Amino acid sequence: MSETRNRTRIINWEEPRSPAELGKDLSGLEFLQKMMAGEVPRPPISLLMNFALTELSEGSAVFTCEPDEYHYNPLGTIHGGLAATVLDSAMACAVHSTLPAGVAYTTLEIKINYVRPMTVRTGVVRGEARVIHTGGRVATAEGKVVDANGKLYAHGTTTCMIFRA
Amino acid sequence: MSETRNRTRIINWEEPRSPAELGKDLSGLEFLQKMMAGEVPRPPISLLMNFALTELSEGSAVFTCEPDEYHYNPLGTIHGGLAATVLDSAMACAVHSTLPAGVAYTTLEIKINYVRPMTVRTGVVRGEARVIHTGGRVATAEGKVVDANGKLYAHGTTTCMIFRA
Amino acid sequence: MSETRNRTRIINWEEPRSPAELGKDLSGLEFLQKMMAGEVPRPPISLLMNFALTELSEGSAVFTCEPDEYHYNPLGTIHGGLAATVLDSAMACAVHSTLPAGVAYTTLEIKINYVRPMTVRTGVVRGEARVIHTGGRVATAEGKVVDANGKLYAHGTTTCMIFRA
Amino acid sequence: MSETRNRTRIINWEEPRSPAELGKDLSGLEFLQKMMAGEVPRPPISLLMNFALTELSEGSAVFTCEPDEYHYNPLGTIHGGLAATVLDSAMACAVHSTLPAGVAYTTLEIKINYVRPMTVRTGVVRGEARVIHTGGRVATAEGKVVDANGKLYAHGTTTCMIFRA
């Protein structure tokens, strides 16, 4: 049996600094809602890695992703960088969604646990995140990667610093 | 001044499971040396994210990467997933390089600290990793991302499980 | 106003290796239930730091502790080692509670976030933990330290290795 | 053979908030040097757990500790809370030693890996820490616990937030 899988991808993206500038005048929730609605361009990394913000509320965010062959590591499974990137995005957006306009944040650290490998047969996974704590200067969040049956693949936490005016 | 930057990338990769199978008959160091020499296909993730193994010895590994616009997050900087992916790769390969043929491993967890953002102006960065401890069933490693001047952007640690025959 | 606080503690403990030996013939849940019931001696660390296992079910554990002046760091608050010790205990016991007799485990790593300081005025806190994932060789758990009003002080995760016969 | 080990400890400490207040007028290095010299009272936690600051320079700190039976967990080895407490102390002091007078800090998170268990036969161990990065608002540090022969027992990292005037 021969496999005739297409092993080429063409990726196009838009200049990413202008949307980021736009974000500075919006609350986190507004900015992310516009992104989810396609009113601001998707960030290049989400086009490159092929994941997208699909659910959002204040303090939580879900990204959806279909692990594919172009995410593979040298061991014959999906590279851990995919779960790390999706969870970093989801946890950071969960934090961002709690911030008013004019308040910036940055990710200080992420911690990711891998509980089972993903492959091309895993199907669509969800990176679900929610804020654990938001303080004046620091926020923490947690997230997990699960498949359509709720099976767990990875989970993590993050610490973000918040810059209030 | 108008920017006429090309915002398209075409990515081609090879079927990744056969090289992984090949790896099972080689020591970690031999397998990774073949990968570095181009004798086994590069894993798809390294083509997608554009990073490559460039230095290797028993217990240490260096990956090189040029942060580019297609790695951008919605905040107008390089997404943290890039450093996470490069460090995960470098730390895992540092561990792998210590393992004899027939011994497998898997990454249990990674922890990444971000100390300053990368941008398109950062230039080529190195993800340098070395093993901290290798035991019978567990290995730990550490790594850092530095630019050409040695400036630090991120650092991390990992815990891997080892499956000896 | 003068404070006449007593600043002496006398700690007595029992030889700790015999109870640990006993534990090898019991399931994790049975062993921990006996410890909670006082049928096996409390481990010395719990007498030294003054915390105790107070709730237990398969996959979850709660330790209770009253932060006191003898837990203070040089900054005038409770040392982070207290939350780390209590969470390490609670998360490890949550894992242990899922293991059958004859199955050992060890903690590979803990990650603790501190969200606000504890002081002598915090009152009794609970270190609550639950298992996230139990596999053949690895388990992960999470925990948090909260006061009587549910206010959060610290949270964490752990990775344990399991040794099945 | 009968063991006649003494299983009682008496712990005395001094009121810890006054020394902490004093620290606010000194650089971190000055404050910690005074503590090491016995010119300010040792913090209660270091008397309780029996560890002490023994080496110090700008950006690095060493604590010394003799693991003893009163540090035991229910598994018959030294509780992981000891290494966590010693490393938290050493890493935080390494950061503190870089800060001028009037600049406070707090620990946001610690991550500790356990590579082998300590017992009463381990002998004196050193918790050695050094700063990885100090920025305007955040510092990171790393540390390890080693015995007299340099054998590694645990290692970790921390993220601290810095409050400059």
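A, B, C and D label the chains in the order they appear, each numbered from 1.
Here is the rule we use: a contact is a pair of C-beta atoms (placed from the backbone, for glycine too) under 8 Å apart; a residue touches a chain by one contact, two chains touch by 3 or more.
This is a predicted model, so every value here is computed, not measured.
Looking at chain B and chain C, the chains that touch each of them are A, D.
In this assembly, the chain whose C-alpha centre lies farthest from chain D is A. Inter-chain spacing, taken between the CA centroids of chain A and chain C, is 33 Å. In this assembly, the C-alpha centroid of chain A lies 20 Å from the C-alpha centroid of chain B. Contact with two or more other chains is made by residues 108-109, 111, 113, 138, 159 of chain B. Residues 108-109, 111, 137-138, 159, 161 of chain A are the ones touching chain D in the complex.
Residue ranges on chain C touching chain A, taken from their complex, read 111, 113, 115-116, 132-133, 135, 138, 140, 142, 152, 155, 157, 159.
Within the complex, the chain D residues that touch chain C are 3, 5, 7-17, 19-21, 23, 31, 35, 43-45, 47-49, 69-76, 79-82, 84-86, 88-89, 92, 104, 106-114, 117.
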